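The same chain A turns up in both complexes below, where it pairs with chain B and then with chain C.
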Partner chain A sequence: MTDSKRSIILHLSFIAVLALVFFILPDYHTGNLARIMVLAIFAMGYNFLFGYTGLLSLGHALFFATGMYGLGMTMQFFDLSSGSAFIAGLICALLVSAIIGALALRTVGVAFMIITLMFSQAGYLIILYFGEYSRGDEGFIIAREARAFMGFDLSDETNRYYAALILFSICFLVIAKLVNSPFGRTLIAIRENEERAKMLGYDVAKYKLIAVIISGVVSGAAGASYALLFGYVGATFATVQYSIFPLLWVLLGGAGTTIGPFIGVLFMFYLIDLSSVVTPAYMLIAGVVLVLLTLFAPQGLAGELRKRVFKWLP
Partner chain B sequence: MAAVNILTTQNLTKSYGGNVANNSIDFELPTGKVMALIGPNGAGKSTFVGMLCGRIEATEGQVFFDGQNISKLPAHERIALGIAYTFQITSVFSGLTLHENVALAARRYLGKDTEAVEAKVAAVLQRVGLSDRAQQIAGDLSYGHQRILEIAMGLAQDPRLFILDEPTQGLAETEVQDFIKLIRSFTDKTTILLIEHNMDVVMNAADYITVLNFGEILAAGTPQEISANAAVQAAYLGTDPDA
Partner chain C sequence: MDFGPHLLLASLEGAVAAAILALTAIGLSIVFGVMRVVNVAHGEFYMIGAVIAWWVASIVGTHPALGFVAALVVAPLIVGMLAATADKFILQKIDYDPDRTIVATIGLLYIIQQITLMTFGPEARPVQPPFNTRLALPWFEFGENGFEMYWPWGLSITSYKLFVIFAAIAIMLALWMLMTRTKIGLIMRATQQDSDMAKAFGIPVNRVYSWVFGLGAGLAAAGAVLVVPMQQAHYLMGHDPLLLSFIVVIIGGLGSLPGTVIAAILIGMSDGIISVFFSPTLAKIIATLVVAMVLVFRPNGLMGRSN
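Showing the complex of A and B:
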């Protein structure tokens, strides 16, 4: 069996398993899983830039929030349908990531991290500044009746789960396809050795900008999905915490692997969930586990799997 | 018809602050030949090639490739015109397989035609003798093999001009002999500019030699002419040309 066949089977069975567990798991966990799948879209967007292109951004909360507010505000103030508002969210994320990318990519390394962090903070402050419309920290609820798509009520548990799964699957498969394409392989080459890639005749600046835009749009799609499926839009999602989360998820799950982001979100979500049952100081347990993981599995869970067992893992 | 000289420079100058690294260099590289660029350490060889392929911005002067003025083009566009470049310090994608390293070089101009890319990679690896290592990770190769891989990545681009920056540095004597043979076999399609310290390689591989000293061309000619040139001997050995 060729590696690409293995990869197709892996991705499709992964989606099939997610489709089936809905019938097995209790409601509490399927609710969690819907949220995890949406956050995993965010993590996949982040991973595309960090794991595959080698650019570490500390400002992805901005792209998530742009998608979220792009959908929320257009539904709230222009009465757009959920489908059109979702597309509006994607367009906003595309514009913002193109502008931020064009500016931030003039820097490299630590400067790139700081610039993206600053832009993201500026975005957060803009949301607070226009609190009259955005409702600031308090946020606003998207009415239940507005949260429907093609006749399906997305606030319903089952519909929500499968809507999350469909969105997750689209991003999952598109990114898997992309990183195996000549385009994706060039991004990996840039991550590995930028100077060499340039001296092979690749327009490195153009590739990096496209990577930022793809990453920004996918993160924006996650934000828009979150608002639509869970009915809440708020400035909390634009805080620096939501720029750090995707980095943590991707590091834990395995940077530069297609399944890593999902595994990272799942692991982190249940790590906090389970340790909070044991003690109110749950972050202590979570912290120790994270330290152990970085010590003994520095390439993340999926990264270790690839290193030890499945060398073909995409 | 191909130009007589694939590459020429006019008045090419680079100064860092007050230090002139290259001073008004007029240089001609005949098509289909092997030209060696030599000179003592600090003579400005690397600066000069850096300006040819666009890694270093020239302070003044022009570079023409195949008749076209490429002075304003960024590095990647110059490469895309048919210039391949290998680094002085080995620079491969050390986390990727040999196959992927060479494929990246071929894919840039062959695009999505996977069959053509595969065929090119196979042919190039065969030619440099690394076929049996195609699936190894480049970073695990010996130093000598990494240097050969760099050559393979250059070849995979089907370049019209191949610039090699000190390619034999750190190679064993037997590897150097194979290397000379390999270089000589390229000239049917490719013009070669070789920056080299090893005089054995220069004398055996080059058709022409250009000697740089203190950022200026000291002499140019065939290996015989250069080895008989008193000024070159002075620059290399410190003898007084008038003595």
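Showing the complex of A and C:
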């Protein structure tokens, strides 16, 4: 079996497993899993830029929040249907990531981290400044009646789970396809050696900008679907914390692997969930585990798997 | 108050903020410059500095000045040792890999924050300033009777705030002497320029890294001890200094200490001055975007060399 066949089977069976566990797991865990899948979309968007293109951004909360507010505001103030509001969210994320990308890509390395961080901070403050409309930190709730798509009530547990799964699968498969395409290979070449890619005649600046935009739109899609599926829009999702989370998820799960982001989110989510049952000081446990993982699983969980067991993991 | 005195007051407040920011940011800048790692836990070292200052001051107790001086010595020392230990047992083990260092220091951030919450508690606790007299400031104006000096109401600064500015300058001068005039500084600069070559010349690079990491954290703690009589110690107080220090270090130009100081003064002062004339949120938005634009047009920072 060739590696590409293996990887197609892996991706499809992974989705099939997610579709099936809904029937096995108790309600509490399927609810969690729906949330994890949406956040994993965010992590995949981040991974596309960080894991495959090698650009470390600390401002992805801005893209997530743009998608979220793009959907929330258009539903709240223009009474758009959920479908068109979702598209509005994506368009907002596209515009914002194109502008931020064009400006931020003038810098490299740590300066890129900081400039994305600052733009995202400015975005957060702008949301607070227009608190009259955005309701600031407090946020607003999207009415249950509005959260329907093509006749399906998305606040229903089952519909929500499968809506999250469908969106997750689309992003998962598209990104898996994309990173194996000539375009994705070029991005990896830029990550490995930017100078050489430039020498070979690739328009590195253009490729990087496109990567930022794709990553931003996927993150925006995650934000929009979070708002739609869980019915809440708030400025918390624009804070620095939500820029650091995707970085953590991706590094834990394994940067530059298609399956890593999901594993990272799953791991972090249940790490905090389980340890908060044991002790109120769950952050302490989370911190210790993070330190231990960097010491003993430097490539992230999926990265370690790839190194030890499945050498062909995409 | 008229525009002039108002501006003076804003600049003085800005100068105090800039002094603290410069100290904290220089700590980060040294670590950045010499070790080439991003220390996300820097803000937490600042926070422990403040907490230890409170702790020392409440133990010593007799006179606020005594407790304060003790804190100014003890807090940076303890924090520095803590950071050096963390470096030895964590960062050195992962070989200062840039990405993994970020995760490890985020882990450290959680650990420190949670331990402080469990021991120190969620309350904000004040430290008595060693002295705190209010000094009224004069203002000059050219009026009908020629040049006049008068004392506008509300234009004043406390002696403690003046002391903070001078103390910060003194500490930075001492650091500058250390870096340029002593053998320790020479070793640090050699390690910064080429760690492999330094190793080949018998410099214990790993030990230098531990010391530098400790020194950086100690500087943050010193900044926190100075700030804590004006702003109470709290377990979440490390957040803003971390972000601002990062911005300052990058705007100043990676690894350039003069650049860091200039950027700290620029950002601290402009933050203070803009927030007098606009609403605080709008001021922050403008300041953040302006500073970001500096990076867009000078990608290597103000004093950074292009590579």
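In the analysis below, the second predicted complex is superposed on the first by the 314 of 314 C-alpha atoms of A that agree within 3 Å, B and C clash if a C-alpha of one lies under 4 Å from a C-alpha of the other, contacts with A are read in each partner's own complex, and residues count from 1 in each chain.
As a convention for this text, a contact is a pair of C-beta atoms (placed from the backbone, for glycine too) under 8 Å apart; a residue touches a chain by one contact, two chains touch by 3 or more.
Every value quoted in this text rests on a predicted model; they were computed, and no experiment measured them.
**Student:** On the A-aligned overlay, A:Ile188 touches which partner chain: chain B = first, chain C = second, or both, or neither?
**Tutor:** first
**Student:** Counting residues of chain A touched by each partner, does chain B or chain C come out ahead?
**Tutor:** Comparing touch counts on chain A for chain B and chain C gives C.
**Student:** When the two structures are overlaid on chain A, which partner does A:Tyr46 contact: first (chain B), second (chain C), both, or neither?
**Tutor:** Once the two structures are laid over each other on A, A:Tyr46 reaches no partner at all.
**Student:** Please indicate which partner A:Leu248 is in contact with in the superposed arrangement: first for chain B, second for chain C, both, or neither.
**Tutor:** After superposing on A, A:Leu248 lies in contact with chain C but is clear of chain B.
**Student:** Of the two partner chains, chain B (first) and chain C (second), which one does A:Tyr202 touch, if any: first, second, both, or neither?
**Tutor:** first
**Student:** In the overlaid three-chain picture, which partner chain does A:Val108 touch, first (chain B) or second (chain C), both, or neither?
**Tutor:** Second partner only, chain C.
**Student:** Kindly classify A:Phe63 by the partners it touches after superposition: chain B alone (first), chain C alone (second), both, or neither?
**Tutor:** neither
**Student:** On chain A, what residues does chain B touch that chain C touches as well?
**Tutor:** Chain A residues touching both partners: none found.
**Student:** Note which residues of chain C are touching chain A in the complex, please.
**Tutor:** 32, 38, 90, 93-94, 97, 99-104, 106-115, 117-118, 239, 243, 246-247, 250, 254, 279, 281-282, 284-285, 288-289, 291-292, 295-297, 299-301
**Student:** Using the touch definition from the top, list the residues of chain A that touch chain B in their complex.
**Tutor:** Contacts found on chain A: 182, 185-186, 188-189, 192-193, 195-204.
**Student:** Along chain A, where are the residues that touch chain C in the complex?
**Tutor:** Within the complex, chain A touches chain C at residues 56, 103-104, 106-108, 110-111, 113-115, 117-119, 121-122, 125-126, 128-129, 240, 244, 247-248, 251-252, 255, 281, 283-284, 286-291, 293-295, 298.
**Student:** So in the complex, the part of chain B that touches chain A is made up of which residues?
**Tutor:** 53, 55, 75-77, 79-80, 85, 87, 91-96, 100, 103-105, 107-109, 111-112, 153, 157
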